[in-house]
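A, B, C and D label the chains in the order they appear, each numbered from 1.
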Amino acid sequence: MIRIAVLGCGRIGVMHANNIAAHPRAALAGVFDIHAPAAATVSAKTGAPVFASAEAAFTSPDVDAVLIATATDTHADLLEMAVAAGKPVLCEKPIDLSLDRVNRCAAVIAGSSVPIQLGFVRRFDPGHAAVRRAIEAGDIGDLHQVVITSRDPGMPPPAYTAVSGGILRDMTIHDLDMARFILGEEVTEVFATGSRLVDPALMDKLGDYDTVTVVLKTASGKQAIINNSRQAVYGYDQRVEALGTKGMALSENRRPHQMSLHTAEFTDRAEPLLNFFIERYREAFDAEISAFVEAVEAGRAPSVGFEDGRLALVLAEAALKSIAEARVIAVKEIV
Amino acid sequence: MIRIAVLGCGRIGVMHANNIAAHPRAALAGVFDIHAPAAATVSAKTGAPVFASAEAAFTSPDVDAVLIATATDTHADLLEMAVAAGKPVLCEKPIDLSLDRVNRCAAVIAGSSVPIQLGFVRRFDPGHAAVRRAIEAGDIGDLHQVVITSRDPGMPPPAYTAVSGGILRDMTIHDLDMARFILGEEVTEVFATGSRLVDPALMDKLGDYDTVTVVLKTASGKQAIINNSRQAVYGYDQRVEALGTKGMALSENRRPHQMSLHTAEFTDRAEPLLNFFIERYREAFDAEISAFVEAVEAGRAPSVGFEDGRLALVLAEAALKSIAEARVIAVKEIV
Amino acid sequence: MIRIAVLGCGRIGVMHANNIAAHPRAALAGVFDIHAPAAATVSAKTGAPVFASAEAAFTSPDVDAVLIATATDTHADLLEMAVAAGKPVLCEKPIDLSLDRVNRCAAVIAGSSVPIQLGFVRRFDPGHAAVRRAIEAGDIGDLHQVVITSRDPGMPPPAYTAVSGGILRDMTIHDLDMARFILGEEVTEVFATGSRLVDPALMDKLGDYDTVTVVLKTASGKQAIINNSRQAVYGYDQRVEALGTKGMALSENRRPHQMSLHTAEFTDRAEPLLNFFIERYREAFDAEISAFVEAVEAGRAPSVGFEDGRLALVLAEAALKSIAEARVIAVKEIV
Amino acid sequence: MIRIAVLGCGRIGVMHANNIAAHPRAALAGVFDIHAPAAATVSAKTGAPVFASAEAAFTSPDVDAVLIATATDTHADLLEMAVAAGKPVLCEKPIDLSLDRVNRCAAVIAGSSVPIQLGFVRRFDPGHAAVRRAIEAGDIGDLHQVVITSRDPGMPPPAYTAVSGGILRDMTIHDLDMARFILGEEVTEVFATGSRLVDPALMDKLGDYDTVTVVLKTASGKQAIINNSRQAVYGYDQRVEALGTKGMALSENRRPHQMSLHTAEFTDRAEPLLNFFIERYREAFDAEISAFVEAVEAGRAPSVGFEDGRLALVLAEAALKSIAEARVIAVKEIV
């Protein structure tokens, strides 16, 4: 049993706490939230103790590992504390909205062998992971083109949008990581374009975009296309497609059930897509915990780590620069 | 080029005439219909001559083969004439609504080697035929269970229904032949049940059914289930499913195109099914002509012949007896 | 919080215990198994106490309700004890393999208002339940025909098969209940036929069948068709289809994920179906507990109760008689 | 009956000739090919006369309209002759590989009211056209993003590739027109990137690409993404997707039939996609002729005309410039 403390009891922290409590090889070592009642609620349901502070979790001998699900601007500090305390850590993405801060964090933790896993949960989705496995198994031959469709069901609350760091750092970053995961080699060139179509007034005000296309290319010429929208009213649209010399692998959307209706006007009418990430990536969140537990048990580096978090942010910065300059950005232009 | 005369210029005869005219290895030798203007219209479009009588087609040296698409009660007579004239014949189903008449026809043509093909067009449907091929290729192992869903889009005109011979002889007969085609061995037991649900008043009046289930069994225990309805408002529902020791083969429905709509209320909303048989079995009608042409060219028996037509009617009679007596009927009870 | 004791810690009991422990409105009050280590294992993971006997659960003031997941031949006794103790009960199907015993149990508990829920879990499957809801909402008009495809992935262990009561009482019984659930009116006539195709030697020895078709009819003429096989190598095949005057509702199969492979030889190649019931009906098992909790909280009869369990067994008996006599059995012939 | 002459009896010309001959409201007025036997073969099958020259078709009083399916470098000349002769013309794409030549042709025919239809056949595909109709009907609200997947089954013969004008002018041009058709407003910005992955040696030699991504944007910010590959071994991959404020419309691929195979290793295994354009766009080629016939009958401009052909080439030139300069090209930079 790996005893994991959960820091942050917002929506995603609570989900992680429940998953850990129910996990056959993990136990919930305790929870913390700066808003005490949030932690107390989780404690009441699970029986796990409440820590008085994040520090308390890092120093507790009853804590084998820590999951960071606090506000984004605390991630890097807590990550550094975890590494200093020698506690393996599963950190929600992003590490930080500032690439500078991430680079400083990288410098601080350099040389440490403490397992760090980044919360790019989609890598653990059974369908998306099966695309990657199909490539590794040679089922589609040499990879040529990747298409990632990633659309949220609707705009987040305006208050969130304002502090999100913008769609590239907040939403696209997941797809940039997915592109790296599927491509299997590093991206060298980035092109992006953004539009303000869903909520033009808000986007104008924030200098943000709600509709984005990103085109990535590797040194060998492999292409990855990401299409993002903040609003797909038919549900959380999450597809990954990989074309190779021998075929195509396609991870399609999921619905809450498989009932379809057929009438004189239509056939095949099904439910809207699973909505939102907690439902859509339920199995992935479980598998993410399992992967973390295995890495901690084995004392080895998780399959998705700090540098993956940093590189996804580098690509997001390149994409922002590409939008600004209407040209292809070489990744080496960003540091 | 096989020169084929078409007898009967109703909806299905006209379709056959056009298909023959456009066929790369067939030519339309001429047409006949007791209603002269119907034949004249086909002639005008295709340039093929009009025969003064069915006899004229049978005696013409410019006719290599004959397609019978006249009224059902003339099929057996014309079939006998074709055989007497030595003209290969493609005869629309059914041979006759009376098993007695069919048996007498069988006696008349016994011993002849004139190629006779029965118009069980669905055997030539690319999807249904692929189910049969999958079985023959061993893809699903030993066959255990067949499920045939066969539902018309809506009730035929009452005038047609009254002379159709009833749903078993008119509609189910196609599925009984499909069951024999897929099973690959003879049916020995028949159970059927009928309901009056779509148009109870008319069905009561005619002593007919609009909703039917038939269960067939072979000597080795293989099962085939047919479900029929006269009314599937979502279109012409035509599915064939075969379960075996190594898997299942499934021939699914077809739609006019593959556009689907996804909104906040639903996903995957597609068009109603192709409606009706001329659209749904377009490729099958083409392939049926090709198979006939090949048989005539080779001077060999077509893959689906007179005895298949007779045996499907025997099963229909058995099913009617089963409905009447609420018990399993051994096929040998019908002769 | 409804505190539920789980009796029986076999595969399905353990699953129920975990679901109850994780349920937001239920708590696991304790567990019991005649094989003590089985109960101890569940206790260790969940922290719930072990009862020394089934009786101890019924008499405990810390138990609000009981879930019976013990061996089939103990169900009726425990059910009677639960009712005598006034404890609401969720009882796994079947109540008993003997209709006599079930009828005696019915007499014993007659007049009690203790909530009894039968474990026909498929009624709670989101897809199948959506078919029922579509009918109730009028989406498909008046119901005419129901088709239930229900095939296990493979033969159970021979030892289980020998004591299962036969495919009709063990496996088809779920589909008989589903037919009643979807039909929404009582079945009056039953036809069934059985074959020995998957494991003829074993079936001969046991007098059982591995491949079964059942046709049900209501007084108004509605038809339901069940096709069963003990072996669908492509996975646990669970489909429910309902045809009505205005359309069709179709609950389709589910796969572990939505990745498909497309190559020069094929397209759309997907994973085998979810296998087996614990995976396929995961959401349904959760919803079943929720429904039970709500019924207990409200002190009202669950939506699926003792009489549903009895009537499904009556239909199974009628089907067995139909196989034996090769004729339609009126349900009133069975009492 | 509109009497149409077909110029050019290569693969696509022969197909058009057969379609016209079978069309209920068109007749094949005659055929011409610089390679006389090619024209003779079509004449033998259809009975239509052979013209001694293209000029003969333009001057014949028995020709109501002309279809140009000759070599690309003759299109503009023949188009100008058709307009001079006052014969409505359906011209296969592209008008010419040189934008200069196209612009000169535009000047020559300026002011003429002779109906000219460009052979962008995909606009007539029932599925793709249904996407456009869904947008026009308001079914998906305001359009935001279009995704066009367009992949050939395999590389064309090297001899063809060498004279094709490159993937952008030869293959992508269809998708550029589709983007304009679906977007419903003019493209103002173009980004493209190309890779040499399928046949790098040949592509290097020709200075061409086999894998291309194009991103288009309109003045209002609508985005369209095209992904092209010269090699999709699973068949001719042709999809069109449109995302709007109220939903998504998706035109999916088509298969030769709907048979799927399900075994212990997989489910849903279907046939490769229809291959190639003559099969995939069969209905579209028919509908294209119908649309032309209607325009000629009505004496009005076809729905897709000369300027559409010119603008698609302008976008192709912009895309080529974007590849060369690794930046967004404003369409107004190309004239």
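By our rule, contacts are C-beta pairs under 8 Å (C-beta built on N, C-alpha and C of every residue); 3 or more make two chains touch, one makes a residue touch a chain.
Everything numeric here is computed off the predicted structure, so don't read it as measured data.
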Upon optimal superposition of chain C on chain D over Cα atoms, what rotation angle is obtained, reported to the nearest 5 degrees?
180
Farthest from chain B by Cα centre, which chain is it? Let me know.
A
Comparison of B-D and A-B by number of C-beta pairs in contact, larger one:
B-D
Compute the distance, rounded to whole Å, between the mean C-alpha positions of chain A and chain B.
56
Can you give the whole-Å distance between the Cα centres of chain B and chain D?
39
Going by residue number, chain A touches two or more other chains at 233-234, 246-248, 253, 260, 262-264, 271
In their complex, what parts of chain C are in touch with chain A?
18, 21-22, 24, 45, 47, 125-128, 130-131, 134, 139-140, 246-254, 256-264, 271, 283
Chain A partner, complex, touching residues on chain D are 142, 144-145, 147, 149, 151, 189, 191, 193, 195-198, 211, 213, 215, 217, 220-223, 225, 227, 229, 231-234, 237, 243, 245-248, 326-328
Residues of chain C that touch chain D when the two form their complex:
233-235, 253, 255, 260, 262-273
